Structures are given as C-alpha cells and as structure tokens.
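By written order: A, B, C and D. Residues from 1 in each chain.
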Amino acid sequence: MAKVVGIMTTSHVPLIGKAIHLGLQQDPYWKPFFDGFPPIREWLEKVKPDVVLACYNDHGLNFFLDKQPTFAIGTAATYTSEDEGWGIPTMPEFPGAEDLSWHVRDSLVRDDFDMVTCQEMSVDHAFTIPMALLWPDQKWPVKVVPVCVNTVIFPLPSARRCYKLGEAIGRAIANFPEDTKILVIGTGGLSHQLEGERAGFINKEFDLQFMDSMVTDPQWATQFSDLDLVEQTGNEGVELLNWLVARGTIPGPVRVVHSNLHIPISNTAAATMLLEPV
Amino acid sequence: MAKVVGIMTTSHVPLIGKAIHLGLQQDPYWKPFFDGFPPIREWLEKVKPDVVLACYNDHGLNFFLDKQPTFAIGTAATYTSEDEGWGIPTMPEFPGAEDLSWHVRDSLVRDDFDMVTCQEMSVDHAFTIPMALLWPDQKWPVKVVPVCVNTVIFPLPSARRCYKLGEAIGRAIANFPEDTKILVIGTGGLSHQLEGERAGFINKEFDLQFMDSMVTDPQWATQFSDLDLVEQTGNEGVELLNWLVARGTIPGPVRVVHSNLHIPISNTAAATMLLEPV
Amino acid sequence: MIPRPPKRTIPGAPIFDSEAARRGYLLNKMCYSFNSKANRDDFLRDERSYCEKFGLDQSQTTAILERDVLSLIRVGGGVYFLGKLASGVLGLDMQDIGALQTGMTKEEFKAKLVASGK
Amino acid sequence: MIPRPPKRTIPGAPIFDSEAARRGYLLNKMCYSFNSKANRDDFLRDERSYCEKFGLDQSQTTAILERDVLSLIRVGGGVYFLGKLASGVLGLDMQDIGALQTGMTKEEFKAKLVASGK
C-alpha cells in the first residue's frame, strides 16, 4: 500500500527562483538558506520517493477570482510552469501521478471535501521553486500531485479545516493499492507581509513556536482563525495553512530530520523542515 | 432578518426553452407541463420575493473539466445567459444579490464548505429556464444568487452532503441582517437518462416517492449513494441533488402549495413543486 | 500491482468517472468548444481537421465522423459535452440520440417514454 | 438597514475580503492579465488606455498611473495581482514596495527585516 515517507516544508519566495537562475546559492545573502538543502537531498537519494504530493497556494496563475477555489487537486498527465510576471524563468514540465491523483480526488469527495478537479493545470512558483530546491538539475525523478489551498480571498478555509484535509489525504494514501512512496510537501510562509503599512512584518517567536508544534503538537495552530494568523504571522504568513495540510497526512508522531530558519529572504522568514514518520 | 419564503423545484429540460421561444405552451404535448405554472405565478404575485437563490448544475457552460467545482456560488453584480449549443435563445442578464451572495459565501466557508467563489459567471439553462417559467416576460423583478452542484464527474457530492449544504445556506440566510424575502429554487430531474443503452429510462414510482419525501421526510434520499441514484432515477436523474440542497434551506416542516408530475417532456419525468414553510 | 475490487456497474448506464474523464479529456474539450457558434461552424467546414486540432485519437475521431454515440461514450465522451455536438452541431434531439443508442425507431423510443408515464 | 457588528481590523494589515474583492474586481482582472508578457508590453505602451480597456474607475486608474501602492490596496487591489504589476511590469522588488508603503528608505526597510531575525 502507498505510504507517506516524509513531509518537507519550505518557503517559496519568488526571489529564490531568481537566485537559482543566477547561481547565487553561495552568496552571503543566500547561503544560510540554500545550505539547508544538501541534507535534504541526501535523504532523497536514500529514500527515493516515487511521488511528490505538494500542498501549496496558487498566487493568481492557474486560478482567478472568476472561479476561485477553496481546495483544488490536479489530476492531469502533465503540469506546466508559466510566466507569472515575477521574472522567474519557467521550468520543465512535471509528470502527473494520475492514478494516485484520481484516487485521492475520489476519496476526498467521498470524505465530504468539496474539491475542484483540475484535468489541465499550470503550477506556480509555490509549486515549482520547492521542486527546484529538491532537484536542482530540474530532471524530475518523481511524478506529482498538486493540491491547492485558497489564500487569496478571506475568509480562508480554517486552519482546522486544512489540517482535516491533510488527514483525509493521508487516509486516501493509506488505501491506495500500490506500494508508492510519497513525499508530501507543504510550501509557503513562514511569517511575512508584503502589503499595507505593516509591510515587512516578521514574527520570529511565533515561527519558532509553529515549527516546534509541527513535531510536538501538530494541531496547535488549528486554534487560530484566519485573522488571528494574519495578526500573528503577517498577511502572507497564512501560507502556513499549506504546512498544516501536509502535516495532517501523517497521523502519528514524526521525527525531525532537518530544520532551518533564516531571516530574511526578501520579506520572509524562510523556513525549511524535513520530517519522517516515527 | 432574511427569510426563505418558499422553495420551488422544477425540471429544466432544454427543450422547454425552445417551447417558450416558439410559444408552444398550449400545445397538447406541452400544456400538462406549462399548466403547472399559473398557480405558482399567482403565489409569486402575492408573496413578492426579493431574491431567488437557485441550486442547479452547470452542464459545461460556465465550468469545464480543467477546473471542475464540486460546489460553487456566484457573487457577481450580473449574470449572463450564453449560447450553450442547445439552440435555446439567450435571455436578458440577471442582477446579482451581491450583499447576500457574499454573506452566504463567507458563512459557507466558515461552516467548512469548500466553495468556489465566482465573481464573474455565465448561467446555463438549468438556471435560466426556471426563471423564464416563473417570469415569462423575462423582466426579472428579483436579484439572484446562483449555487452550482457538480453532476458532471463521479463520484458526485453525496446526497447527504448536498442536504447539509442546503442546511448551511439556510443558516446563512437566517443570519443575514436585512429583511429579504428569498425564494429558493432547486432545478433538474426528475428521473431521466440521455446516454447509454438505458437511454429513455424513467422511474415514475421513485419520482413520486421522492416528491412525497420532500414534504414528509426530506432527508429520505440522503440514504442513497450517487450510483444508487443513477440506478433508481437514471444518469441525469441525479439532478435531484439540487432539490435536496434547496429543501435543506428550510429546517422545519413545509406545506405543499403546488405539485405536478408530467411524463414525458423530452426524455424527462417533468416535475414541479412549490413548498412553503409551515 | 495489487488487484482492486471490481467497479460497481449499472447495466446500460455508463458512468462518467475518472476512467472516462481521463480517456475523453480532449474529446470533451473539443465538444466544450461547441458552446460557440463560430466553433461549431468551423467544425462543420472540416470535421477531421477540427478533431486533429484538438488532439483526438483515432477511435475518438472515427466515432465523431460516424456519429457513433455509444462509441463516443466508450471513448470517454461526457453526456453534457456530447450534447452540444448532438444538438448544436448536428441538429439532433434527445429522442434521435436515444433511438440511435437503443436500436429503436424514434417513434418507438417516444412511445416508450409515454408508456413510462402511465 | 440593520446595523452590522464592526469588522475586525488589524492595524497596517489590509484584508482582502468580499469588500475589497467587489471593489477591485476589474483592477485585479487587469493585473491578472500581466501573467502574459505581451499584455505587460501592451500596458507599458499606453497605460491609461489599457486601464480603460479593463473598465477601471478613475481612482483605480490614478493609483495605477501614480504607482500609489497604498491607494491600489484601498481601491480593491489584491496583493498577488498587484505583485504582477510591481514585479513584472514595473521591475520593482518587494523591498521597493515595502519602502513605498512604510515611508522608509529601501535600506532602512531591509535593515529592519534583518533586525527581525536576531
């Protein structure tokens, strides 16, 4: 049966895409962030996941406000990376894990999650940058399942609802009848704010608490409303909802393989974690 | 506070749109169906709803499989009627009940319904034909809130989930702070089948049972899975899910103001009901 | 591969599930384009090349050209999308389509509907 | 109209809720078009007429022409959409935008970010 072999969470700041393109990984500004990834790539070499199921938020590329989903799942054969107006070069297309995607989609609908099903889909920087951090040669050795969470329009799905989505994805995976090894990723955050007079807001203390909770008390953040999260982590810090979806996919305890927090990358508290089921 | 003043359910067979256009309402084929509506229009004249909240399924006009919602709600200022390839003339645009739409959308998301929010939207025959049956002069004296249910791709949202959506819409309406009178409509069905060797399938007995349950036991049909409903009412009979969403908006008992079943209109068991809260 | 439990089927009632949706995506995308009259006219001017433009495979194109409704369903066509082809492009109604699929004449098909209402 | 309870606000943190979404739909639709380079170039050729093509109102057009970020938010701009304008069209980065909104210089803004990490 399929299995979640690990959860990787990481910031997805667009500027990272530029740094990769320009080869700035060893620059003093970038090094403390990029240095977090070699240990993760060693783990990938050892564990060799077959599939990446990525929990992220689309920033106005695949979706617009004419049809804005709360939760969406891709079921396509391939996914394309497109110009988003952020100046990041596009990446090679990603092969879809079709059987698993449909299985998860069907299971989620039966579990009363009102998914948007996407048979054709572009994936934005929140999906592509983490993939490029894991596989810098951009020759993807995995198939993918994209899962999108709305962070565009308030009210957002609650942190509690997002965690439950993760649990439901975990149940779907547990009853997929192939021995597929799945790395679940959650991208975005941690604390940051781009707009308004509070632009530049960072809350390192909350970020450390949240990262700790991912190991010691994974449902801790589900007590917060969307506005509580804005207050605590900044308007864009709400992307931790994607981390909660990812974390929900492993029902039991996890151990930390790797953890890194570096402030700032652009306006963001750039965090990375790799967790394994115990 | 806002109030659901009635629930109207009706078939939405595209051919009805042609009959209206060609003025065939008194033809022997059509009369038994159209004769169901004068009593409803008298009720409309007496009750004068301000808003129609319509629960229906989009048949590949506003949505496609590239981004297929489970549940969607319109929040636009206006809604347009478009060519759908069914030969039905388009109708004048419909004004949106924006305040109410956003209020319902927000309430549903907080109630853990993962809605698609549509700030720009076309409405198909499942929405427009019932409106033209209620107001044949097509000068809409109401504002509208469209709510779409997926009947395109299986598994569908369950009958139980649909009923719960209706209940959640009802809760949202009950706490909308304006004295708005809302007619909820549910469209589609009843039993019919367009595709496959079983094309032409009709199940009058089940239709009568279902119509009765709308009054005496509204959650009766929530025991059936989507495939049970296909088996009992035909592939397209599953549109009764829209009736269940509509019925769920009134928590208590209802009385029958009008009820009509005429078989066939095209391939369909054409049913109409008007219910009032007791 | 670990064997899956067999899918539930309902005789004569094809279900548009993930298998059909995967098979028929490009066919359905082509039929979705028939919302627009300009596209319907384009198709009628050169059907084969319209199908090719959308990337339909050989059996889908054949089913389209031959108006073979049961095959169109088998190759992943969803009914709402096929309906735009049937109605908007070919000018057929649901009783024509019903007759085609059940092997009855149109009159027989319509009479059976009437009988179901008694 | 029955008075509603006041909305919760967070100082300095504008929330993109239904009020903003309603106000800014056409502005956001225009910025969504900036996913495409051809559209970004079009805009730069004649900004006012590009805004008019999308039906922006006077205060939205003025805010665009004046690069007034705080006003763009006030007239319903959502940050992901405005980001395509800022980054893709105007070539600004998030620290430029942050400086514009907070009244700091870019260096001050960047220094404050670094201090937050200590």
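Everything below uses one rule, namely that a contact is a pair of C-beta atoms (placed from the backbone, for glycine too) under 8 Å apart; a residue touches a chain by one contact, two chains touch by 3 or more.
Listed by chain with UniProt protein names: A, B = Protocatechuate 4,5-dioxygenase beta subunit; C, D = Protocatechuate 4,5-dioxygenase alpha subunit.
Remember, it's a predicted structure, so these values are computed and weren't measured experimentally.
Engineer: Rounded to a whole Å, what is the gap between the Cα centroids of chain C and chain D?
Structural biologist: Centre separation, chain C to chain D: 46 Å.
Engineer: At what distance in angstrom does the C-alpha mean of chain C lie from that of chain A?
Structural biologist: 39
Engineer: In whole angstrom, what separates the CA-based centres of chain A and chain D?
Structural biologist: Distance between chain centres, rounded to whole Å: 25 Å.
Engineer: Multi-chain contacts in chain A: which residues touch at least two other chains?
Structural biologist: 65-66, 106, 119-120, 153, 155 - these are the residues of chain A that touch more than one other chain.
Engineer: Going by the contact rule already set, what residues in chain C reach two or more other chains?
Structural biologist: 17-18, 21, 25, in rising order.
Engineer: Taking chains as nodes and touches as edges, what kind of graph is this: line, ring, star, complete or other?
Structural biologist: If you draw each chain as a dot and join those that touch, the picture is no line, ring, star or complete graph.
Engineer: Identify every two-chain combination in which the chains touch.
Structural biologist: Pairwise, the chains that meet the contact rule are A-B, A-C, A-D, B-C, B-D.
Engineer: Show which residues of chain A lie in contact with chain B when the two form their complex.
Structural biologist: Residue positions touching the partner: 62-63, 65-72, 106, 109-110, 112-121, 153, 155-158, 161.
Engineer: Along chain D, where are the residues that touch chain A in the complex?
Structural biologist: Residues of chain D touching chain A: 8, 10-18, 21, 25, 28-29, 31-32, 34-37, 40, 69-70, 73, 78-85, 87-89, 93-95, 97-98, 101-102, 109, 112-114, 116-117.
Engineer: Please give the residue numbers of chain C that touch chain A in the complex, ascending.
Structural biologist: Interface residues on chain C, with respect to chain A: 1-4, 17-18, 21-22, 25.
Engineer: What residues on chain A touch chain D, complex-wise?
Structural biologist: Against chain D, chain A makes touches at 14-15, 59-61, 64-66, 82-87, 152-155, 193-202, 204, 227, 230-231, 234-236, 262-264, 266-267, 269.
Engineer: Which residues of chain B touch chain D once you look at their complex with the stated criterion?
Structural biologist: 1, 75, 98, 102, 105-106, 119-120, 177-179
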